[in-house]
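Below is one structure; the comments refer to it alone.
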Amino acid sequence: MSFNTFGRVFRFTSWGESHGPALGAVVDGCPPGLAIGEADIQPWLDKRRPGTSRFTTQRQEPDQVRILSGVFEGRTTGTPIALHIDNVDQRSKDYSEVARAYRPGHADYAYDAKYGFRDYRGGGRSSARETAARVAAGAVARLVIPEVRIRAWVSAIGGDAIDGQAFDDAQIDANPFFCPDAAAAQRWEALVDGARKSGSSLGAVIECEATGVPAGWGAPLYAKLDSELAAACMSINAVKGVEIGDGFEAARLTGEGNADPMRPGPDGKPIFLANHAGGIAGGISTGQPVRLRVAFKPTSSILTPVETITREGAASEIMTRGRHDPCVGIRGVPVVEAMMALVLADQKLLHRAQVG
Amino acid sequence: MSFNTFGRVFRFTSWGESHGPALGAVVDGCPPGLAIGEADIQPWLDKRRPGTSRFTTQRQEPDQVRILSGVFEGRTTGTPIALHIDNVDQRSKDYSEVARAYRPGHADYAYDAKYGFRDYRGGGRSSARETAARVAAGAVARLVIPEVRIRAWVSAIGGDAIDGQAFDDAQIDANPFFCPDAAAAQRWEALVDGARKSGSSLGAVIECEATGVPAGWGAPLYAKLDSELAAACMSINAVKGVEIGDGFEAARLTGEGNADPMRPGPDGKPIFLANHAGGIAGGISTGQPVRLRVAFKPTSSILTPVETITREGAASEIMTRGRHDPCVGIRGVPVVEAMMALVLADQKLLHRAQVG
Amino acid sequence: MSFNTFGRVFRFTSWGESHGPALGAVVDGCPPGLAIGEADIQPWLDKRRPGTSRFTTQRQEPDQVRILSGVFEGRTTGTPIALHIDNVDQRSKDYSEVARAYRPGHADYAYDAKYGFRDYRGGGRSSARETAARVAAGAVARLVIPEVRIRAWVSAIGGDAIDGQAFDDAQIDANPFFCPDAAAAQRWEALVDGARKSGSSLGAVIECEATGVPAGWGAPLYAKLDSELAAACMSINAVKGVEIGDGFEAARLTGEGNADPMRPGPDGKPIFLANHAGGIAGGISTGQPVRLRVAFKPTSSILTPVETITREGAASEIMTRGRHDPCVGIRGVPVVEAMMALVLADQKLLHRAQVG
Amino acid sequence: MSFNTFGRVFRFTSWGESHGPALGAVVDGCPPGLAIGEADIQPWLDKRRPGTSRFTTQRQEPDQVRILSGVFEGRTTGTPIALHIDNVDQRSKDYSEVARAYRPGHADYAYDAKYGFRDYRGGGRSSARETAARVAAGAVARLVIPEVRIRAWVSAIGGDAIDGQAFDDAQIDANPFFCPDAAAAQRWEALVDGARKSGSSLGAVIECEATGVPAGWGAPLYAKLDSELAAACMSINAVKGVEIGDGFEAARLTGEGNADPMRPGPDGKPIFLANHAGGIAGGISTGQPVRLRVAFKPTSSILTPVETITREGAASEIMTRGRHDPCVGIRGVPVVEAMMALVLADQKLLHRAQVG
């Protein structure tokens, strides 16, 4: 099926293709009375926008968002908020190559197998361009959870990881890689440049942390906070893995090594001595920082020819010319943040529904 | 909130606590006319059942399932199928310890923080005992997808991984660890015994593969096949990570190294030369085997005292006496299989809804 | 499809057939901490229970409810509440007649056309016996909305309506017809007796009023309070019409005649001078009593032979012997009340989710 | 809450206010490969469009629809279809009157009570202008159910009903009232003119019939076909009652009088000798025409001053100047048709999901 709505009470529905006239999102269930304007959304879109450095695709999209409904006199009214972004740089290139044969690793074959045909221009609906709609919706979600601070960063590119000891929050926005480790950022410059010049691509790992989440958010059992975060992240283009807290590392530990002991805090709430769990127990937030890691594969758009088949089933080869991200994970940072915000906003309202 | 329904058109709702009189699931949306009896469900429950070896908890639960509705003359009628399992071994132990203080790593504190109080007997709703309901529902799901074969196995315990070269399908059911590598199974015997005797616990990694999934299942963008699988697996107790295909390893690769080239197959369908993607592209199955990996943390029920706080917020220590799994991941195997079956059954019907 | 869950955040899922071993409901999303016991549910089931007077079916069902989960130490825990009712009087009659040919007006043919076959014993899933599950779930819903008082009554049987001027609240529970007009109740005794003795049946109109609903409940546009109530009532067996406020009478009025003028009330809230709207404007409650009317058709189970066809498509006749309600509308009273409670509880929580 | 999505697998989400820049709908779950263009949608919008006769509001809105996504080379791709309609005649009138005091019968007070404030321009989100989005989405739904023919008509205005004997299908589109009885249409001309000139308004009854619906559509118990239709119709502005088949008239009948006997038909399917049930039994279509009736109240926008209160709670009076429909029911005809199409398309796909 096609299912383009995310969330349970704070919901958004996205629409649009890479090379259609526009794309957008309808945000529904947003609390009324929140101060909002396009200026609250645009900075997050700018962060995701392509063409801002040589390390991202050179497609030029201003990604100017317009609010078409749901806001009156600068405040949300409680009715659906329509967010609209025009596509302006759908380069009138020749798509006959992509129309002819399937790009391995892309959704081309799967869409054809499912729907019988596909909008092949720039990947159509399966393009990562759709994530602009998520980022716009996520900006609204942030307004619903002012108590929460969300930040994500790239912690590895092509297997080259940051040094956790060198983590510097201030660095994240100071380099084109959202990298908190200045030395790593410098290494990555050469690394990504190399991939770009050779027409190759690189995978990446993104980490995301939300602080200020109170204990109690989460809807066990089938809308657990971690379950929703996993779904949210795995729905992002190119994502192949999600970890909460220590993730796969926890599978190597003993119960003692994995414990998050508690001590009494000044306000009756516990102070946790560790956070292996990533701030979630039994699918419910514990009051600790919510932490997750996401694996982005290298984009399949590369200059090296790869064996494939045509729509008619004949043997062929394909290589992907044109504008592409050498490391799509980089631009995933604002998208992961947006999905974190969307899940938390939804869970906050769900919690409020049941518990008041 | 509380949200105990999983699935979109093939749905199940589970209920029940560890130490209540019973637990169960209501399966809704199941196609009519499928031959079904309790004998189709019981074997999967037996696989998950505790007390079958010394490597699992010694709680004795026969986990006999009864079908209370939705079946007539041995066939599904298309109406809700109520599955009922009595709890028979709720040992009348003293729960004052667990009632008094929070067990770190368990859901105790989070449930209290959310709901204001909790059923502390055996973890109440947050107990892994609920997974019996999933396994029962999953057995129904399997009947909906007879074209698919699902098998899961343990690929690592406490960081000790199997040797992929030694993979032997026949071994999986031949040892108490669902381990496809006979040598690893032997090593794990000592490993898990050691943990059990010392009152410690171990994490584990489970892998699961579904073959026979045709190309085209998946509901992009927010019910992508991989997104649904991630949610399904992350909702299982003790799971902290999910990978599709190469998962985090893909983040270390280049686009060339991660490619899944295609060649024409005999029937017009492609033959894939690799399966880094785990059988899913753009959230839609490609016809390759669907593969995922799941990380189980070590259970937090250990004999070593851990710092904690009481319900009143005072400093304390707690250790978990009683019957527990030294490695909960082992019994996760039939649960992961069940979630795979539930997602695939749902996606099959969703695909049918839109595409016919 | 089969879709047996009602509600959005306060949800219940019902299961069970007329002649299966049991039926039940799973209530999910209920706020925690509510005092509850089987004694809070049983009285409503007793009100709906068959066999309490000669004017209802003589099937003897004690309809004893058991709570199997979600309650601990007498309070809701916030987890799913499983409600279980055994069927005890599935008379071992001969069903070959109903299996052979379709009873016109019943769901027999439609179920066969949809599902390919059906559980024909007592109507299977399509039996009004399922409404016991609704009434049980509705009893839980009532606990969520203690500020609301719900009462329903029969306002007409077979076209013989009560005299609005004679409305006496105290009468409703004083006769077997839930009739607020003592004179009408007396007339109906003969009317229903006549239908019963001749093997005929009668339609009825039920009215329901909820007082104490604050202004602001309702989820426009597609979960408006009136829209949800209409769906809830129309899902009840034998219901063919739903009106909010003046309903069809409003279609005969002018704007002046239909106006509900407002005056300032003592607490800043308006005093309404009329309630043509039935307490709902724009899909949102206004603080006035919420009022609706529901039309029940006469049951199709009658002793007069009716033309029909067999499963094989041959011409035939059928008459319905056995135990049946001469006027199913009567026992609809607690069911309509339950659906009102379920909708209002859900809307209260939905409102709280968005607005706090 | 705010809930602006309708449908289960064929879904649409609408957005937009009366006086915002635009309004629209996102249709999701539509089958792929359907031939579609704006020309398939525009005629239905033209039918609903205001200002086409003196009997409707004189607001001039071309209601030109644009398809912004989900269509490629003239066919649906299976991805979300964004439908966009600009508002062009938001007259820059003075809204201070409506901002100051609540219009009784409108949603003004309820929205304020719920959300704390409201977009008062033309009723904001509660305006019937939103039904343009429904009609556009309904036009897409029609393409999903080519086997079904839907037609609606006005059967009464202000209590003056058509003569069923004079029913003439060809008349429906031959007069500005969608009236199938030429004589009634003539009477209504004077009737509606009178209301218009005196600044009054009139209620109306609309009937709708869908032929060609096969037996088997409907999702019992809580998404029964009749239940979904009731919800769909009751969600339309100004609707206060819904009847399926004989509706409230059935409540006056006996079981014999209400019977729909069956005879064998030429193709093994039954021929029904009556259709009291309106083509639905047990919530499932029977293959007969699906019939319903809907009551529209007179619009509350009238020139006669009505008592009301101000936002501050002071006593006041209000009358509604400006452009309004003297009988909103008339323009409800294409809206009821659209909701019928939307429900049937959804149920067709739901049926396909479960039964194949």
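Note that the chains take the letters A, B, C and D in the order they are written out, and that residue 1 is the start of every chain.
Here, contacts are C-beta pairs under 8 Å (C-beta built on N, C-alpha and C of every residue); 3 or more make two chains touch, one makes a residue touch a chain.
Chain identities (UniProt): A, B, C, D = Chorismate synthase.
Quantities reported herein were computed from a predicted structural model and do not represent experimental measurements.
Using the contact threshold fixed earlier, the set of chains in contact with both chain A and chain B is C, D.
Across the two candidate interfaces, A-C and A-D, the one carrying more C-beta contacts is A-D. Mean C-alpha position of chain A lies 46 Å from that of chain C.
Rounded to whole angstrom, the centroid-to-centroid distance between chain A and chain D, based on C-alpha atoms, equals 39 Å. Chain contacts: chain C has residues 1-5, 9, 14, 29-30, 32, 78-79, 114-116, 125, 220, 350, 353-355 touching two or more partner chains. For chain C in complex with chain B, the touching residues are 1-5, 9, 11, 13-17, 20-24, 26, 28-30, 32-33, 68-70, 72, 75, 77-82, 114-119, 124-125. The touching residues of chain B, counted against chain A in their complex, run 1-6, 8, 14, 102, 104-111, 113-116, 125-126, 130, 156, 158-159, 195, 200-205, 214-224, 226-235, 237, 240-248, 250-264, 268-270, 273, 276-278, 280-287, 293, 295-302, 304, 306-309, 313-315, 329, 350-351, 353-355.
By the touch criterion given at the top, residues 9, 29-32, 78-79, 220, 349-350, 352-356 of chain A touch chain C in their complex.
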